[in-house]
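In the two complexes below, subunit A is the common chain; its partner is subunit B in one and subunit C in the other.
And then the complex of A and B:
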């Protein structure tokens, strides 16, 4: 059997952590884009659009992320489409992230006083112009802390992709445990690395929240 | 043809019929005060004229622009009538100047330099040229309301709708806003204002509309409406407020 030093373990985990970071970024960027579209549908004047977006959100929030990963990985291969694990993982995480971001942002948009819609409407702005120039800039400020806060969930969510065979941090931990028979050490480091990724995010979410509360008063 | 033609307008919220057939024609340059008890439908009438509420029956026309529910017709109408709200509704993330510039640039596609020039002119007109770079929360209520007036004026409307625009203000700030409105009136702007300032209505308005239970109950020049109310409802209303 090969000998693993502690450094070997840490080095391998850190290398795998790169994929956790990449997957998190992809999920977050993609999720934000899709989420913005869902948001617009969710607050649209068209009932069909609102119903569709509402259903989308319910579906992805109401089922475990794990099932969504299974379905996108095994489901698609059943249909004869060979999807690599990284693709299935990205797609599932993007759609899952989008459902939460859309709902977080909807709350922020709805917290903008009705008077802002009415004033901008009375000045002749169309719905898209109102969103673009009046509502979203204000909603965005409120949305930053919960959005950054949710990114922690995305990072942790990526660990589930190990199940469909995508080699990120959690999967690397599994592989290393099998090779070293030192589960406690290995998973201890895995947990530490997750913590090192998530802690700054949740801290900055809190910091931004405080800062934005102050900025509200004196520009 | 009148500037604003309101014909047989009806509006219900669910089972509650709030406007029960309103007829009102406003000539260019007229200043109309709308008075009446709380819940008589004054705000609803103004909001219908601006398309913020959709009407159930009747028609509204402003300078030939017909009220309809599609965005294109609405926009054409809203370019003709500006609206000032009780709660100011300035955009808090923009300075006073940017508040006045925004819709010119977005809606009318006015190039920035011209929009800025217009914003300066309009802020000067309401006595706030020096507050161009101030954010709304750095302004007093009276100043915010004057910025809101400048913002509406910058779109060069043919008429302004004012819904209790001094009601949210501390008493000492009311006059500075009314002075601006008076100035506009004397310059020939057509104004429709819901107000509780009876003194102002008497001094400045050409006609007073008394609304009661969703109808125009009495209408006439201020001297007549205030000096010689014909209906018991108006007498009672005036008795209450004086």
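And then the complex of A and C:
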């Protein structure tokens, strides 16, 4: 039987943490893209689009991420293809992230005074141009702190993908626990690595929020 | 080809689902009660408690908020026994939920407390209220009223997050779903049903918390 030193445990966990980071980036980038589409639907002039986006957000925020992962895993395989865990995990995380980002950004867009819409409309801009040149640039500054803050939830959310068999940090922790019989040490280190990933994000979100608030007070 | 959906198993397994539903409901009712109480206590310590205790509570809050619930659960259930603290899966699940909600609740309640101006404290004392009485009537209740919507959504998030307690074999809704799909081989349909139960539960819980807010904070125009 192989002996594990503390360094072996940490080294293996750090190697697995790469996949946590990759999956987080995929989920965040994909979620931002889909989220932007949902945002446009949510604030659209068409009632059907608004209802669809509202239902989408309610569905993904009102059900557990774990169930979404299972449905993605088993649902995709209904299409008759062998689904690798990373694909099911990415799909579920992207859809889940999108629902939260769309709702966060909607709040930011709605906080832009109505006069801005009217002013840009009076310049003859179409709805897309208004968003592109007037509303989004202003909403973006407001949106940055909560968006960075939500990225912490995405990183933590990736831990659930271990349950459908994707090997990232949490899964590596389980495997190492089974090999070493040292759950206290292993899960302690797992928690510390997650903390090292999430804490800087949380702090920078708080920092940005304070900085932006100061900017607001100056106006 | 084409997949034929089959929900004929529901009748046979409705008992299993109901049992799972009961545990999820029990966990969130008990967990939310103690979690909110812990959150209020921690918020009091951070805002007004003894100076030496503040960084300890601060570290607890940051540690919990920046690690996944699943790892907290595993640490409590698998890690703590090596320190001699052993507990069943239901207790471990409940404890993890309380600790988790306590940390988030602390930050939410603290935000409400910080909105109380110093003048209100002084007004409370000048009316002859003790420190504790001032905290309760002047600071805490208005603070809770202000942050009740945020606290409610956090409670719903914890309920949805509780789906992972099936991973330590606590027999909640998702555990029931795992069990059923291993018997019927109808994984997709089973998880659809489980997901819809969670959705209904989330909607009901939100309404329930709205009602609790109504009862706890009947119109208090003086609160602000």
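Operating definition for what follows: the second predicted complex is superposed on the first by the 212 of 219 C-alpha atoms of A that agree within 3 Å, B and C clash if a C-alpha of one lies under 4 Å from a C-alpha of the other, contacts with A are read in each partner's own complex, and residues count from 1 in each chain.
As a working rule, a contact is a pair of C-beta atoms (placed from the backbone, for glycine too) under 8 Å apart; a residue touches a chain by one contact, two chains touch by 3 or more.
Because the structure is predicted, anything quoted here is derived from the model rather than measured.
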Overlay on subunit A: subunit C relative to subunit B, clash or fit: fit
Broader residue contact with subunit A after superposition on the shared chain, subunit B or subunit C: C
Contact-wise, after the overlay, does A:25 reach subunit B, subunit C, both or neither (first, second, both, neither)? neither
With both complexes overlaid on chain A, does A:190 touch subunit B (first), subunit C (second), both or neither? second
May I ask you to decide whether A:202 touches subunit B, subunit C, both, or neither, giving the answer as first, second, both or neither? second
Which superposed partner A:125 touches (first subunit B, second subunit C, both, neither): first
Touching partner for A:134 - first (subunit B), second (subunit C), both, neither: first
Determine how wide the angle is at the CA centre of subunit A between the CA centres of subunit C and subunit B, giving a multiple of 10 degrees. 100
Name the contact category of A:170: first (subunit B only), second (subunit C only), both, or neither. second
Nearest-approach distance, in Å, of subunit C Cα atoms to those of subunit B in the combined model: 27
Which subunit A residues are contacted by subunit C in one complex and by subunit B in the other? none
Would you tell me which residues of subunit C are touching subunit A in their complex? 1, 3, 62-63, 65-72, 74-75, 78-83, 156, 160-164, 167, 174, 177, 187-188, 191-192, 194-195, 198-199, 202-203
Residues on subunit A engaged by subunit C in the complex (per definition of touch): 59, 62-68, 70-71, 74-75, 78, 80, 152, 156-157, 159-160, 162-163, 170, 173-174, 177, 182-184, 187-188, 190-191, 194-195, 198-199, 202
Note: in the complex, subunit B contacts subunit A through residues 50-52, 71, 74-75, 78-79, 82-83, 85, 87, 89-93, 102-103, 106-108, 135, 137, 148, 151-152, 155
Which residues, counting only subunit A, touch subunit B once they are in their complex? 113, 115-116, 118-127, 129, 133-134, 137-138, 141, 217, 219
